[in-house]
Amino acid sequence: MPDRPAIVRPPYVAVIGDGDPRGPDAHRILEWAEEIGQALARGGATVITGGLGGVMRAASRGALGAGGETIGFLPGADPAEANEYVRTPIATGLGVMRNLVVVTAADAVVAVGGRHGTLSEIGLALRMGRQVVTLSSWRIESDHRLGGPRMHRARGPREAAEAALRLAKQGPDLPG
Amino acid sequence: MPDRPAIVRPPYVAVIGDGDPRGPDAHRILEWAEEIGQALARGGATVITGGLGGVMRAASRGALGAGGETIGFLPGADPAEANEYVRTPIATGLGVMRNLVVVTAADAVVAVGGRHGTLSEIGLALRMGRQVVTLSSWRIESDHRLGGPRMHRARGPREAAEAALRLAKQGPDLPG
Amino acid sequence: MPDRPAIVRPPYVAVIGDGDPRGPDAHRILEWAEEIGQALARGGATVITGGLGGVMRAASRGALGAGGETIGFLPGADPAEANEYVRTPIATGLGVMRNLVVVTAADAVVAVGGRHGTLSEIGLALRMGRQVVTLSSWRIESDHRLGGPRMHRARGPREAAEAALRLAKQGPDLPG
Amino acid sequence: MPDRPAIVRPPYVAVIGDGDPRGPDAHRILEWAEEIGQALARGGATVITGGLGGVMRAASRGALGAGGETIGFLPGADPAEANEYVRTPIATGLGVMRNLVVVTAADAVVAVGGRHGTLSEIGLALRMGRQVVTLSSWRIESDHRLGGPRMHRARGPREAAEAALRLAKQGPDLPG
């Protein structure tokens, strides 16, 4: 008789991006983030974000509206800072370093747009062995072809969500 | 019509203590941790731990057995390192510093026994404005009576769980 | 012919305490911190602090005035936030968690007064195997006598500095 | 009469890259790192690294050989893990997150080659407002032209060191 209860957890997918997108693409970025959140939830994934505004809020809104679970890792100490679509707010107190938790907690990561904060999260995700799907986000290449990144460019939100779901089920390539 | 969905999250209580208790008290410490986890879940709280063995496993086991939700914040990058009673494993990649997340994510903290790791978590919890209930754990006093800690000594597991549930509902005293 | 250059580094001693001490003891606490910094520098140690005000500034002032080296680990991203007695300011960007670096970088730690932030640093120091000398600071005992802390109470600043110099030369008891 | 002593600290430049470079470029990468360390020290900069092997060791060796100061931020708790060219070893206990300290402590950053760890450091450096000079390292571009990175590609080690010295004197563009 096995001691271990039959917990089968859903795949976790992080959606990362700008907390306050601006410029001509801002509206489209937020729409995409919401569609990605919705598609991930419909695909059975828990959606992880940094819990604040912009892309984090849009992705959580899409996922919660589709009946999904949403977890938000906040930089500060107050769980009430989470946006209203985060079902499980986690106050980390880590400041900038909460970004490491956002991507390490995930089985795969989707980046939608984003500035330097998003770039640092992509770098940390790859460092921690997580596959990253990008949509209108950073392009990263190596000059010397060692250690090519685990990155996948999607052309639209549906493709991004599908790729992330598939990669999340494969699981991370854990760092040595 | 309010935009905000009616998310009412449960109180979060962290149970902290030794990952591998030894000595004559070890058995009692683990029994207490399990009873505390059970009582917290019955009281409607989500039980947060560091996700590994010893007190973390016993508290999660008590909570899960009582139908409660259990979250485990792991130091490493592999969510599969969580014990079998953690429903939501969170791989943080933070190493030692995952302890900050364990206590900051919680509305209140219960320490059962414990060594230096637990002492550092109690210190971080107090630093982050979280109330701490101790059971057979560290005694901490100030020589100069400034900043007396937010600590409460319980005499048994039931008292510890009840105090933590009450304090969790009051919420943290956020750091300035 | 040895490849290794003959670098012999000085012992590193962290002085921790309140960044803004208040109450009737404040003046004495700052005087003690300055005396400790001075005695550590005269004893050949590099003085490590959190780089800001209060006890951190007083200890750095004492050390720099005695011709010693002072390193300050700042929570933010701007090295210019260091007090004027820090010779080597290190901006960490870590927020609360810069406290882990302050104590882990040190071979031994002196706590002078202090509130919850200092308590969390003492806990982290003990967790990381560093010996801690306290002067009018926290008293920490274990209910169950497992893992008694590596703490030493001093009665005055000279005794505190001498104990810290002696313990720093022994080096840390590295965590397993 | 000014209270502030006349501390004028040198510019700090971090050199980041692979801790164990392999492949046909490995030898050249290490030579470049050593030349960069040497040129930075001759230019008056303190050289900051992650304190371990490969590029970190080569850059420290170049700098120390030219009479410069070298600081190494180690991931673990033991300062003795630093390579033999680090004059000031700082044990951080932070694990993966020591990378944030390496780049935030610096006024400017040079990346030489590197794999995912280096990519994550570049991302964190840009996030923290530090300018990054790359030599045979990652190429990073944005799909949507918002927030173009503060990156500068150098064609050789001398150019990399000169650019970093110039950028370090400008100082960081501190995050808001």
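Per-chain residue numbering starts at 1, and chain names A, B, C and D are given in the order in which the chains are listed.
FYI, a contact is a pair of C-beta atoms (placed from the backbone, for glycine too) under 8 Å apart; a residue touches a chain by one contact, two chains touch by 3 or more.
Owing to the predicted nature of the structure, the values given are computational and were not obtained by experimental measurement.
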Next item on the list: For the copies chain A and chain D, give the interface type as same if over half of its residue numbers appear on both sides, and as different if under half do.
Entry: same
Next item on the list: Find the chain most remote from chain D, comparing centres computed as mean CA coordinates.
Entry: B
Notebook entry, point to check: Just curious, how far off is chain B from chain A if you go by their C-alpha centres, in Å?
Noted result: 27
Next item on the list: Using mean C-alpha positions as chain centres, tell me how far chain B is from chain D in Å, no decimals.
Entry: 39
Notebook entry, point to check: Out of chain D, which residues touch more than one other chain, so two or more?
Noted result: 93-94, 96-97, 100, 128
Margin query: Which residues of chain D touch chain C once you look at their complex with the stated criterion?
Written below: 3-5, 7, 9, 12, 64, 71, 77-79, 84-94, 97, 100-101, 104-105, 107, 128-129, 172, 174-175
Notebook entry, point to check: Once bound in the complex, which stretches of chain A touch chain D?
Noted result: 18, 21-23, 25, 96-97, 100, 113-117, 119-124, 126-128, 134, 136-144, 146-147, 149
Next item on the list: Over in the complex, which chain A residues touch chain C? Could you list them?
Entry: 93-97
